[in-house]
Amino acid sequence: MVETVIRKRIEILVDTPLIPHIIDLLKKVDMSGWSVIHVDSGGGRDGEWSDDDFTGASAKSIILVIASEEKTNNLVDLIAPILDSHRLLLTVANVAVVRGHKF
Amino acid sequence: MVETVIRKRIEILVDTPLIPHIIDLLKKVDMSGWSVIHVDSGGGRDGEWSDDDFTGASAKSIILVIASEEKTNNLVDLIAPILDSHRLLLTVANVAVVRGHKF
Amino acid sequence: MVETVIRKRIEILVDTPLIPHIIDLLKKVDMSGWSVIHVDSGGGRDGEWSDDDFTGASAKSIILVIASEEKTNNLVDLIAPILDSHRLLLTVANVAVVRGHKF
Amino acid sequence: MIIDTLTSPVILFFLLGFFAAFAKSDLSIPEAFGKAMSIYLMVAIGLKGGVEVMNAGFSIDLLNAALAGLSLSFLLPVPAFFALIYFGKLKPVDAGAVAAHYGSVSVVTFVTAKELLTNQGLEPAGYMVAVLAIMETPAIISGLLLIRFGNKGKSTEKSNNNIKKLLHEVFTNASVILLIGAFIIGMVAGKSGFEPIKPLFEVGFKGVLCLFLLDMGLVAGRRLVQSNKLSLRLVMIGICLPIFNGTFGAIIGLGIGLDAGSAIALSILGASASYIAVPAAMRLAAPEADPGIYLTMSLGVTFPFNIIIGISLYTYIVQILG
Amino acid sequence: MIIDTLTSPVILFFLLGFFAAFAKSDLSIPEAFGKAMSIYLMVAIGLKGGVEVMNAGFSIDLLNAALAGLSLSFLLPVPAFFALIYFGKLKPVDAGAVAAHYGSVSVVTFVTAKELLTNQGLEPAGYMVAVLAIMETPAIISGLLLIRFGNKGKSTEKSNNNIKKLLHEVFTNASVILLIGAFIIGMVAGKSGFEPIKPLFEVGFKGVLCLFLLDMGLVAGRRLVQSNKLSLRLVMIGICLPIFNGTFGAIIGLGIGLDAGSAIALSILGASASYIAVPAAMRLAAPEADPGIYLTMSLGVTFPFNIIIGISLYTYIVQILG
Amino acid sequence: MIIDTLTSPVILFFLLGFFAAFAKSDLSIPEAFGKAMSIYLMVAIGLKGGVEVMNAGFSIDLLNAALAGLSLSFLLPVPAFFALIYFGKLKPVDAGAVAAHYGSVSVVTFVTAKELLTNQGLEPAGYMVAVLAIMETPAIISGLLLIRFGNKGKSTEKSNNNIKKLLHEVFTNASVILLIGAFIIGMVAGKSGFEPIKPLFEVGFKGVLCLFLLDMGLVAGRRLVQSNKLSLRLVMIGICLPIFNGTFGAIIGLGIGLDAGSAIALSILGASASYIAVPAAMRLAAPEADPGIYLTMSLGVTFPFNIIIGISLYTYIVQILG
C-alpha cells in the first residue's frame, strides 16, 4: 500500500475581488499552491446573495490550499486579525495525501 | 498562536431546484450561514449527467455549512428521512475554525 | 439520533480533459458515484492559471468521491503511480455519513 | 411539408445535435449560452406577439383562445395521468409529474412551428404568444392535485403553505414573466417603439433558433442515450399523448373559430410538453418524482417527435378537420 | 420627455426586471451573459465614439470636456463624502467608498441617455465617450484619499506599495481598457474600417441594451429587496447627490461651452454612479468598507432614479440654464 | 498588405487583448462567452462553405484539396517532431504533442485570413472550409505515433483500446462535428434555405470575430506573460515552423492547381497550429506531455505571428511562386 501522510486542508471563503490580496498572504507564509472554487450563492448575517450579479463585487469564492501544519499555523496567525474586517471564513481540516513533501 | 475550536463542516449534495427547500430546513435548526457550490457533472446509480443542460432541472449543487455540533445533529435528524426520496448526499466532517462563536 | 458511519471523502484535483480517464479508474475499483466541481483558477509550481481560457485544455476540476475505506485504498494504490505524470493532487479525509451501505 | 421540415436548417441543426449525442461527441454548448438563447427567444416572441396584437387590435378570438389555452393546460394532465398509471405503470407521483409536463407547453416547439407555418402562409395570430404564456404553468397545479389524489390518505402535511408557494410559482415563473412581460412591452411600444430594437430581435431570430435547436438536439439525444428509465410503454405514451393532445387542441381551436394557423398553433401547444418551467417546479414541489422519467419523456421522446413529425401532422389534422 | 422615457422599451425592460425582483420571480440572467453584454456595450460605444471623433476631427471642446470630466471625477467625491458622514451617519471608510462611486460614472446610464437624447435631436458629441472613460477611475483615488483623511492617525501601513497598485488599477481597469481601446480602434479604423463590423455593433445595439437593462433591473431590485443596510437618510442622499452632481456637471458643461447634448451628457456622467469598476476596486483597496452599502445605493437607488427620472431632469436643467 | 492588416479592426482587437494581458489588466472574457463565439464562428463558416460549394458545384479541385489537406495534417508533424527533439531539446512526448498541434489547424487564423484575403479579391474557394475540417484531427494520430516511436521500448500498455478511443476522437471531436455538420447543412439548405438564417451568420460575423480576437489576444498574451517553459529555441521553432509549413502548403496548393486564394488558404492551414481540438485531445491521450509547452507555443507564439505577419507572408509567397 502507498504511504500517506497527514496535511492540512484550508478553506478560505472570500469575496472574489479580494482573492489577489489573500494570495499575497499565502505567498508570505511560503505556500505555493492553491485552487479557487466559485461559490454560486449563499446566506449569512448580511442576508442572502447570489452570483447572477454582473457587478462581480459581491461574488464569493473559496480558496482551497493543501499545506503543512507549520505553514498553516503561520497563515492562520496572519489571517486571523482581518477575518472580521474582510468578512472571511477560514476552516482547517486534516487530510491524508500521498507524497507530502510537496506541501 | 490564534486559538481554534472544532466545528462541523456539512456538505449536502442536492438537485439545484431543491436548494430553497434545504435552506428552509437549515433555518429550522437555526443555521444562518451557508454557501452553495455548483457541481459540473457526476455519476451515480442513475447514470451520468452533466450540467450543460439548459433545463436546469438536473443540475446539482453542494450546500456547504459550517455549524456547531449541536445544530448539526439537529439537521441530520431533520434531513435523514428525506435523504432517499430527495436523492441527497449528506456528509459531516470536523474542521477547526477561528472564533467559533459565530457558528 | 440518526446513526452515522465513517467513510472516506476523496478529492482529486485534475485537468478537466483528463476527467474521463480518472472516472475509468474509479470504475475499476468499483466506485459508482462521483461529482465534479469546477475550479476557477489556481497557482502551483507551474505558475498561475485561470479558466477564462476558451481552449479548455488548461481548465481544472475537482472530482469528489465518497467511498468506503477499502475502495479508497484500492484507488490510492491505482492512482499513486500517475500522480506526478498526470499532475494530480489527491487528498483523503474522514466524513460521517448516514446510511453508509451506499458507498 | 415533412420534406420541407427535414431540409429546413432549424431542423437540420436539431438532427446534428442529436447525432453528436449519439456519436458521443465531446461537443457541448455552455449552459450560460443555452440559457441566454432561451431568454432571447422568449423575449423576441413576446415582443413580436405584443406588437402584432397592438396592430391587429383586441378581438374576441384572443379571449376565446386564452380561455381555451387555460382550460387545456388544466385539463390535459388528467387523461395523461391515467394513461401513465394504467398503461405506463408509473407510480402516482411520477405519473402526476409527467402529466404536468404534457399539460404545459414547449416554447421552442411553438417557435419552430411558427417559422415553418409562416413559410407556408399559415402564420398563427400574434395573440397565440399570450396563449403560450398562459399555458406554461396551470398544468403544474393539475399535476400536483393529481398526485395528491393518487396518494390519497398518505402524507398530506405541508399542504397549506405549499399552495401559496405554488401560486407564486405559477405567476412568477421565469418563462411566464419573460413572455408576458415582453408581450406587454411589445404592446406598449407598438410598431414604432419596436422599430429601433427590431434588428436584434428579428434579424437574428432564426439563426439563434438554429443554434438553440443544436443545443436541444444534444440534450435530448444525451437524455435518450443515458436513460435507463424508459420502458417501451413510456416511449409509446411519449408519442401517442402528443397526438391525442394535439388532436384535442385542433378540435378546440377550430371549435372556437380560430383561423387555420392559430388552430394549428393551439394544437401544437396542446401536443408539446414543457422542459424548462415544469421540470424546475416539479423538482421542488414533488421532489419524490423521478426527473429521469419526466425529462426523458418530454425532451428525449416528445420533443423530437413533435419537431420532426408532429408539426406537419397537426397541420394536416387541422386541414382535414377544418 | 418623461413619458417618452417611460414608454421606451429600454426603460420598460428595466422596469420588468425590477418587477421580477420584487415579485421574487426565479428569473435570472446568467452571469456570463450579463458580462458578455456589458463587454459588448462598452466596445460598441467606444468604437462609435472613436469613429465619430475621427470624422469630426479634434477640437478644443474635446480637450475641455476631457479636463472637465477628469476634474469632476476627482472632485465630486469630496462633497459626497461629507454629506455621507454628517448627514448619512456613515463611518469614514464607508463614506469614502460610497463617495468614489458617485465620482465615477455608469456606462449604462450614459448609453441609455444617449439613446433617449438622440431620439430628441440632442445627440452628445462622439468625444463624450472618451470623457466617460476618463471619468471611470480617478474617483477611486479621491475616495481612498478621503478614507485616509477620515481615518487619520489610524492604520497607515501598507500605503506605499498600495499607491502603485492603485495607479495600475486606475489605468488598466477592464472598463477603461475596453472603452479607451475600442475608442482608439474606432479612430484608427475610421468610417470605412468600421463599415464591416458595424452590423454587429450598431444593428444589435439597442436590443442588447434592452436585455442588459432587464438584467440591471433584476439586480437593482434584488439589492433593494434584500438590503437591510439602507437608512432613509441614505436613500435621500442616493437621490439628492445625483441631482447635485448633475446640476454641477451641467453648469460646468455649459460653462466650458459644450453644445446642449454634450452638456447634458456631462451632467449625466456627473450624476451617475459606478456599479462595476469602482465596487471591484473598492472591495480590494478598502476591504473594510461594506459593499452592502455602496452597491445598494449605487445600483438600487441612484441607477433607477437616473434612468427613470434623472435623464429627463438633467436635460431640463441644461435647457433652463443654457 | 501588412499595413492593411495592422489597421484592420480584427487585428487591432487582437492587439488590444495582447496589450491588456501584458499590462496585467483585470479584463477577462467569460469562458462561456468565448466558447459561444467559437461555436458561432465554426457554424458560420461551415454554413457559408457548404452553401458556396452547393452553388459552385463539386469539382476535382475540391477532391484534390481535401487529399492535400489530409496528407498535410498527417505529414507535417514529422519534420516538426525532429526539429523539436534535436533543435528544441524536447522530450519525445512533448515533441510529439507539439508536432500534432502544428499538423492541425487554427480556425481563427483561417477565418481572419479569409476576411483579409476577401478584401483583396483573393477569396479562397468555399470548399476550403471542408479542408479546414479535414485537417483538424489527423495530426493527432501522427503526433501519438511519433511519441510511441520516440519512446520505443517503453510503456506500450493500454495501446489497443486507446486506438479505438483515438479514432472516435478524430471523427467526433467537437470542432469536426460543428464544421462538417454545418457544412453539410449549408449544402442541403442551399442558397435559399440559408437566406432566413443568413442575417445572424453573416451580418454579425466580422463583429464577433473582433470580440473573439480580443479574447484570443488576452489568452495568448497571458500565456506568454505567465510562461516559464519557453526557451529561445522554442520561440524560434514557433516562428520558423509555420513559415516552413506555410511554404510547403503553398507549393502543394499551387502544385495541385488551386486558384491563388485557395492556395494561400492551404498555405495558411499548413502554417497554423491548433489551440482547441488538439490540446484537449493531447491532454487525454498523452497526459505526460506538458500543456505549458504546447499551448504556449501554439497560442503565445505561432498564433500572433501568423495573424500579424504570417498571413501577409504566405500571400506573398504564393504570389511569388504562382
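Read from first to last, the chains carry the letters A, B, C, D, E and F; within each, the first residue is number 1.
In this section, a contact is a pair of C-beta atoms (placed from the backbone, for glycine too) under 8 Å apart; a residue touches a chain by one contact, two chains touch by 3 or more.
Source: prediction; values computed, not measured.
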- Which chains are in contact with both chain A and chain D? B, E
- What's the call on chain A versus chain B, same or different interface residues, using the half cut on shared numbers? different
- Note on the structure: Whole-angstrom distance, CA centroid of chain D to CA centroid of chain E, is 40
- Using CA atom averages as chain centres, what separation in Å is found between chain C and chain E? 44
- How many Å are there between the centre of chain A and the centre of chain E, using C-alpha atoms for each centre? 33
- Message: Can you pull out the residues of chain B that are in contact with at least two other chains?
- Response: 37-38, 93
- What positions in chain E touch 2 or more of the other chains? 28-33, 35-36, 203-204, 280
- Which two-chain combinations qualify as touching? A-B, A-C, A-E, B-C, B-D, C-F, D-E, D-F, E-F
- Using the touch definition up top, name the residues of chain F that touch chain C in the complex. 28-31, 34-35, 37-38, 215, 218-219, 222, 226-228, 275-276, 279-284, 287-288, 291-292, 295, 299
- Along chain F, where are the residues that touch chain D in the complex? 30-33, 35-36, 39-40, 43, 47, 168-169, 171-174, 177-178, 181-182, 184-185, 188-189, 193-194, 196-201, 203-204, 280
- chain A residues touching chain E - in the complex, by the definition given at the top: 15, 17-18, 20-21, 46-59, 82, 85-87
- Message: Using the touch definition from the top, list the residues of chain B that touch chain A in their complex.
- Response: 1-2, 4, 7, 9, 19, 23, 32-38, 61, 66, 93-99
- Item | chain B - residues contacting chain C, complex | 11, 13, 37-45, 60, 62, 73, 76-77, 80, 83, 89-93
